[in-house]
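Should a chain be cited, it is by its letter among A, B, C, D, E and F, assigned in written order, with residues numbered from 1 in that chain.
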């Protein structure tokens, strides 16, 4: 592990997904999934999100499109919330998901709109 | 068909993919694929690309990520070229595809990097 | 928007998915997802379902196969119910999903059979 | 192996894909891929295509939709040719692929239209 | 149907997924899904799992990787439990899913780790 | 970058894919794709392939299954060759791809068998 990359990743991950959520993920990790927590933090959040060239808002927009295409609802919901933290507006999320509907198909678009509304409802409810 | 949306779509499509390419696509269309040409121009390029809120550069970035995830090499190559026309730099394309490698997996990333290099070579060769 | 295509789409969508469901979808729409409701109605239900050549029963059969392959359970359940409205029998649904099991793999087939049984149970329960 | 199911499968496979093609596939098979040839013939073409309820034309329509969604160009081209043998018209293939464009996304539709045109050109050239 | 292949498949399926589960699946089957139960048992569990060359533990490892890639959570959970029965250790499951995270992308890895933990919790709770 | 993980990754990558191929990949890399070469070497080949618990032969078997499911022919061909280097026999490759045919569908199986035969032919031709 590269400690510096891990530390950068941990900071970004907390900033995007919420410090409390990330701390809870590490606290509840056991020998089974701790290596996955560490790999994700270093490799995904440090080695890639930590690069310059694209800002965090743009990376969030890309993730909304990609994770819709990949059909991963749990991760998509989390990244809708993260996108709002990174300065993506609801209007921009709508535009991404209309583009998803055209390029990935209507069912992908419908699913992403539903998940976004669930994420918004969570936030309104203080979750 | 909504003529106005179609016309907006045709202008954007020509601007992103090249007027010559688009005109050739329509000229070579027959009864079999003309409805697909029209549907794509009106809905994809008019009804979605024609919306404001996200600019063309951002829509190109989203497409690079999504079409990588969707695993469609022909379309990806075309949209790499289109992205350059829309002001996306090679450095930014690299960043999108590193993010693809993390979220869609290493084989998706490797394929997208190879296709991008083919697109760059086409352009350098004047194609 | 092409009003005529939208109107044809709205009629077909209501006929396949149920007028009450569609009216509720529009009534509960907000600025965030109304453009998606409109795009789906015009583009999917009007511009494509509204074409002749293939009848609605055949389009339902195609959707059962495609949406199984696309792995979109919410949409699949809705289209199982829609297929029954379009004259597809339970025996025909079974045949489509056996073909799904062979071409998309056993896990896809198992998921589609389970979802179909949930759809049938909903209908039997008056939902 | 159930010989009866295998024999039904072999007859249907030859009828849809061409006797010459199927015989060549078996003749060129070695210990490595013969079990795949046999599995496909017995289960795919015998145990599923050999069932009644859906006729061959309908099964071809389903395959065009599913294999487009699955993104398998070699198989799709073969099944475009098979669909024509099973009585699917070019107009009907166009309709299936417009529906693919809506439900699986524009890039899937574009790819399927291109592959269909390659299949038609092969046939016109006597291949 | 080949009775011998079916019988081998039934024995293996019971051994991997649990006799009680399989018997309940057949007992609750109706005319709609019985053909799917039979196809799966003969074709998947008999004609493929019944082959030698690869032992059951290796086949379980392959399934964990493939079903993660295919994004089928219900089937994955069942095969995590089956893998443990076939002698795959929790440490080995972790290694497969780290490899999934790299090759299929981080969201696929995250989903598979979560599903594995649900499977372990089910087992600890006696389910 | 963690130099130790990178070095382990480079050694494993060369051992599996061939030293000449890997050296050529780095030699031909430019500013555009060098970061992808480095990311792949460190994280994929170092941080994951470099872990114990699963041996290289097992990791190759998993990759054959996963990359078939992911539908990435270039990468699959390379990993068929790598699998042979890691001690996987042709008979074992056949078994993996029969299991692919069942779980990912017949078209996936057919494609993987064809690609494997191309890989074998390359090797026989000294490539």
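The working rule: a residue touches a chain if its C-beta (ideal position, glycine included) is under 8 Å from a C-beta of that chain, and two chains touch if they have at least 3 such contacts.
No experiment lies behind these values; they were computed from the predicted model shown.
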| item | value |
| --- | --- |
| Mutual neighbours - chains that touch chain B and chain E alike | A, C, D, F |
| Length of the shortest touching-chain route, chain B through to chain F | 1 |
| Centre distance in Å when chain A and chain C are each reduced to the mean of their C-alpha atoms | 30 |
| Distance between the centres, which are taken as Cα means, of chain D and chain A, whole angstrom | 40 |
| Numbers and ranges of chain C residues touching at least 2 other chains | 39, 43-44, 48, 67, 70-71, 94, 98, 101-108 |
| Topology of the chain contact graph, where touching chains are joined (line, ring, star, complete, other) | complete |
| Interface residues, chain A side, partner chain D - complex | 102-108 |
| Footprint of chain B on chain C - complex, ascending | 1-2, 5, 39, 43, 47-48 |
| Residues on chain F engaged by chain E in the complex (per definition of touch) | 43-44, 48, 51, 53-54, 58-59, 61-63, 65-70, 91-92, 94-96, 98-104 |
| Partner chain B, residues of chain D touching it in the complex | 71, 90, 93-94, 97-98, 101, 105-111, 113-114, 116-117, 120 |
| Interface residues, chain D side, partner chain F - complex | 32-33, 35-36, 39-40, 44, 67, 70-72, 74-75 |
